[in-house]
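Two complexes follow with subunit A in common, the first pairing it with subunit B and the second with subunit C.
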Partner chain A sequence: MAATVRVMKRPVRKSSYIRATLQGMALTFRHMTKSAGDTSTLTLQYPEEKKHISPRWRGTHVMETHEDGRPKCVACGLCPTVCPANCIKLVPGEDDQGNRYPIVYEIDEFRCIFCGMCQEVCPVEAIHVGQHYENAEYTRASFVYDLDRLMSQTHPSTLLWDPSDPAGE
Partner chain B sequence: MMQAGTVQAVQDMSDTAYAVSSVVKVVLTFTVVMVVVALLTLLERKISAWMQDRMGPNRVGPGGIGQPLADGLKNILKEETHPGEAAGVFFTLAPMLSIIPALVTFAVIPFAAPMPTRWGVMPMVVADLPVGILFLLAFSSLGVYGIVMAGWASSNKYALLGGLRAGAQMISYEIALGLSLMSLFFVVGNVGLPQVVWTQQRMGTWFFFTFAVSFAFFWISSFAETNRLPFDLPEAESELVTGYHTEYSSMKFSMFFIAEYAHVLTVSALLATLFLGGWDIPFLQRDDMLGFVDGRWVGNVPALWITLVTFLSFAIKTFVFIVIFMLVRWTVPRFRYDQVMDLGWKIMLPASLAAVVVTAATVLALDSAGVTFEQRALGFVPVYGGVLGVVNVAMLAVVVWAMDRGRTLSATGSLDERRARAKQTARLRAIELQTAERGES
Partner chain C sequence: MAETSNAPETVTCTIDGMEITVPKGTRIIDAAAMAGVDVPHYCYHPSLSAPAQCRMCLVEVEKVPKLVPSCSGTVADGNVIHTQSEKALQAREGVLEFYMVNHPLDCPVCDQAGECKLQDYISAEGPAMGRGKEPKRVLGRDDFGGDVLFYADRCVMCTRCVRFMREVAQDERLTVVQRGSRAVIDTFFEEGLEGNLWADNIVDLCPVGALVSKDFLHKARAWDLDRTPSVCPNCSQGCNVRLETRDNQVMRIKPRPNAEVNDHWMCDYGRLNYEWINRGARIEAPLVMDGGRHVSVSWSQALTRLADALRDSTAGVRAVVSPFAANEDLGTLRRVLETVGGGTGVFRCETGEEVPLPGFPTLKLRTDRAANVAGAEAFAFTRAGGTDGTGGIDDVAGHDGVIFVLGDELADAPADFGSRATLFVYVGQFLSPAARNAHFVLPSTTFAEMEGTFTNVQRRVQRFWPALQVPGMARPAWQVLGVLLAGISEDAQVPGTAAEAFAALGAVGAGFAGLGYDDLGAMGRVLPQLGALAEAGD
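Coming up: the complex of A and B.
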């Protein structure tokens, strides 16, 4: 079966190869003279300059801590329940005063889809997604963040809503 | 202008001085060519980056000037893969065969006016061969053997296709390349490159105007010769992975890479020499000189400052061609295979043949009218070069007009149109034959 290609009938003025080529070369030459000597402003010199990210950016997690260094988490089990990617592992414990705390709290950042629902659901505002995007590790195993790792994160946590207007009114 | 031959200061070099100076020139030229080739790889990346509003390599050294060094180091330290089914010796021989002709061709290009030294006047060309351009054509077409051999020895279908395409392309464009230089030969009367420069100086017009058709065809062919972008079918990364050097890695790949840029440099220098007056300085008579012919000095007295200024002039001209090479590479998309063949065989071959005939007739007319190279109308308009130039520009205009009618370089759709038309004709003929047969029986 022959292919049916519709051939446009264009005047020579428009279909001229040489004219089109010369126009193209003039265009590239203009761009070349404009950015000659590395004057292009479009390039971001990455490790030195970094892109500004939104306060609502959802990156790797942060666990908030009390002043004495304990995690704010009360091991209620809401975040592993709500997590759509099933990436949070929580083993709850209880001390002699009846305070619940996480014995094991691990987040597999490879499974995580960064939806931020753990932060939304948390009743004590302990777990947060963070404003961070540089995640490089040497092994797959080190992408499973344990409690210590989550507590020692230094990047700011995400603002899922404006603190002065939480209901979005 | 010619009276300088009697000046005592101009003397030829002794044999010993000639040998020593030759060795020095070989070492210097090789070093300079290799360094320039290394810088060209950086220049190419910079220019392409600027065209795309990027910055290009800027991490190694100020402005990225150390990038070629880093690349070279990386390529030496990388693992060299050797495919199990590759044909051993030829696989190793191919990159060498590719790089050597590219570097050797620079030997016959004169890069400055002869330099006066204490031991005599030194011609600024590594090897002033009497067969200059023939040597050049021979060696530049040798380069394709390296590519074809690489394609075959890799035992890889993409590499083989790349090698075959390189061979076909070289055959198609070598003819136009040779024919376009024919007009130059019979005006210069010699195939030595210093003589070509000398003729341009005497004629007062550079050959890009005097032999406009040759210039255009030589230029187009040189794109094909260097396997660079509108003609990079042997590489064709979108169709053939990277063509002939698909299986190569580390320094062997690097040698193909260096060969490509050495070709660009040589061809640019050659274009400058043949068509832009070589090391000639425009509108200046003081630098017009040839060298010793039968023991007599021809041309003006050489001087050190002339050598330096003419070298600068040559470098600028070469650089202009290199930049245009890169500009074209990053602007013009690759031709389809049938377009390359059409352009080579259906346009450039007949057109360059016709150009040779017309130019020869013009030269014959000028010679029988007794016009000399030095003759000037109104005191400054060169007659010989002017007449030839006007004839050639007219021819070039006709060629461009004929080429630019959507006949050769047309859109993909036209191919289907042609095919459909051919099918229709065949069908009609079949019907005719049938009716004729029926009439007979």
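Coming up: the complex of A and C.
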């Protein structure tokens, strides 16, 4: 079915694109002349160069460990309780020395909103958010970080407060 | 102040500005509770003696020179009591600071965290910061035997556990050893609490995390649990309990006070026997035998076909029911049986040794290890089989009429159970080999997934509430059978709620006539007419 399109009549002055194009090109030309001789670059040579991130950057998690390689986590259950995105799965248990520890500790980094409340609430400074933003994976499933993955993270953990002045005074 | 009462049996006092009249001899702490004032306390428990040794319940009474421990002090006429006065608060803050001298700050790994009285009182009226600089005493933990673990560091020496074992269990196995700051709870012998059926009550009594259950150790945090009032299904005593659930699993069972049934206590058998409630592999859809195999169909199809088959049936009916089924389920089945011309029904019940609680003789672990034996008998089902809950269904197995099975798993039934029946209806939770012969398999809920009532050994009808989600298309048996009944009977209504199903039981159950959920109340209701019998047989 052929559609009939009524073309409305407009004054050439208002409908012509030539004037707007020339205005745009003039702006580009002004910037060109203004930056002539300026050698500073705005482009970051990623990935050879990495962007500087704030010490309070909240990225994917890190589990701190004791010197003997055990996780510092005591499975108290505060982080799954406080987590607003409900992304932490924890099954507590007891190790052979009678210490409470996490049998299962998983964080779904897709569900995580990186608020950092898990780190804030942790009574033993075990779980931390990390200074990291390169999170690409090949599968969705590998975004569920288990305890081994969290303990073997290589990036530094984030400081949400100054250790010498924890109350911010 | 209003005029004081001259009657000898009551006294009037003022607690935090509220005037209250209580019986003479009432403890200040109980009078305060009646006035809605919660006085902190550790050693006091309404069902134990009050040694007034924790010093947590100190309150100020006007014209009394010293602060009064409200658990041992009784209310006198005209007393003006201040629980929140500066003097009382200061004293209690001091007491709490002393408690924290040696109490470890291990709340993150302590099972009591979230339901701990020390946490509660410290945050309510304790000092903001501790002043202690000395290292804390470290004692470690001790296995007390049975289900009980003892963390000595966390103990506040309230001695509720010692007094429970002495006064209620009347089996003195715990004592305080050493004196002063070295005092610690200990067992007399190697076996500790092993073998005492009531030992787990001291875990409930412990206001802190010193006594914890091995079964519940590290299993769930107190604040994650959903608590549903229920009735213990594991014996015919019908202790009032809370089912504490998380992620649709029962995590533990805790007693709920009912002065007429179980006071504050329950036995370890009932408390630890809950795994069967969490059992998986349930029947999740109605199944109908079609050409030699089960086909899952919708509820309306299954019940329409069943009603048609039942309406045309003229054969005799026999039933096997479970004593774990609710009154509503059993009574509605009885109504169905009456509609199709009556029929005999049996139940099987595992039995065991009766174990009384010496300090509260009303409470015993009863011989019948199922919740609703009295209910099954009230609806004219008769006991069959042996003491292990098996056997007794041989005449049903070969019956060539209609067979109804309600809730009984038929675990011990021969594989050809019901194969000669003209109509075999299985209403239950699990598809055992014998149930595979059924023409209709209708999935029903366990007591933990439905609202209903049990009748206990005192013939007391007590309500329970749904704690778990229903698996698949399973429905409470009273609903399934109620719809079926409306299909085969002209004058039966489909019950919309458990309350309606219960209200309709009067026609078939002696004593249920005229009884509704509103009449049961918090304590349950002993069935009329038969109450005297219950006393004699108790």
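Everything that follows uses one rule, which is that the second predicted complex is superposed on the first by the 128 of 169 C-alpha atoms of A that agree within 3 Å, B and C clash if a C-alpha of one lies under 4 Å from a C-alpha of the other, contacts with A are read in each partner's own complex, and residues count from 1 in each chain.
Quick note on the criterion: contacts are C-beta pairs under 8 Å (C-beta built on N, C-alpha and C of every residue); 3 or more make two chains touch, one makes a residue touch a chain.
Keep in mind that this is a model prediction, so the values were computed, not measured.
Student: Classify the contacts of A:124 with the two partner chains as first (subunit B alone), second (subunit C alone), both, or neither.
Tutor: In the superposition, A:124 touches subunit C alone.
Student: Contacts for A:139 in the overlay, against subunit B (first) and subunit C (second): which applies, first, second, both or neither?
Tutor: neither
Student: Looking at subunit A, which partner touches more of its residues: subunit C or subunit B?
Tutor: It is B that touches the greater number of subunit A residues.
Student: Tell me the contact category for A:28 with respect to subunit B and subunit C: first, second, both or neither.
Tutor: Once the two structures are laid over each other on A, A:28 reaches subunit B alone.
Student: Pick one for A:38: touches subunit B only (first), subunit C only (second), both, or neither.
Tutor: The first partner, subunit B, only.
Student: On the A-aligned overlay, A:97 touches which partner chain: subunit B = first, subunit C = second, or both, or neither?
Tutor: neither
Student: So, A:54: does it touch subunit B (first), subunit C (second), both, or neither?
Tutor: A:54 sits against neither subunit B nor subunit C.
Student: Under the contact definition given at the top, report the residues of subunit A touching subunit B in one complex and subunit C in the other.
Tutor: Overlap of subunit B and subunit C footprints on subunit A: empty.
Student: Considering only the defined contacts, which subunit C positions touch subunit A in the complex?
Tutor: Against subunit A, subunit C makes touches at 107-109, 113, 141, 217-219, 221, 223-224.
Student: Touching residues of subunit B toward subunit A in the complex: what are they?
Tutor: For this pair, the touching residues of subunit B are 47, 49-56, 58, 63, 327-328, 330-332, 400, 403-406, 409-414, 416-417, 420, 423.
Student: If we count contacts the way the header does, which residues on subunit A are in touch with subunit B in the complex?
Tutor: Listed in rising order, the residues of subunit A that touch subunit B are 2-3, 5-8, 12, 15-19, 21, 24-25, 27-29, 31-32, 34-36, 38, 40, 42-43.
Student: Where on subunit A does subunit C make contact in their complex?
Tutor: So the residues of subunit A touching subunit C come out as 74-78, 81, 92-94, 98-100, 123-124.
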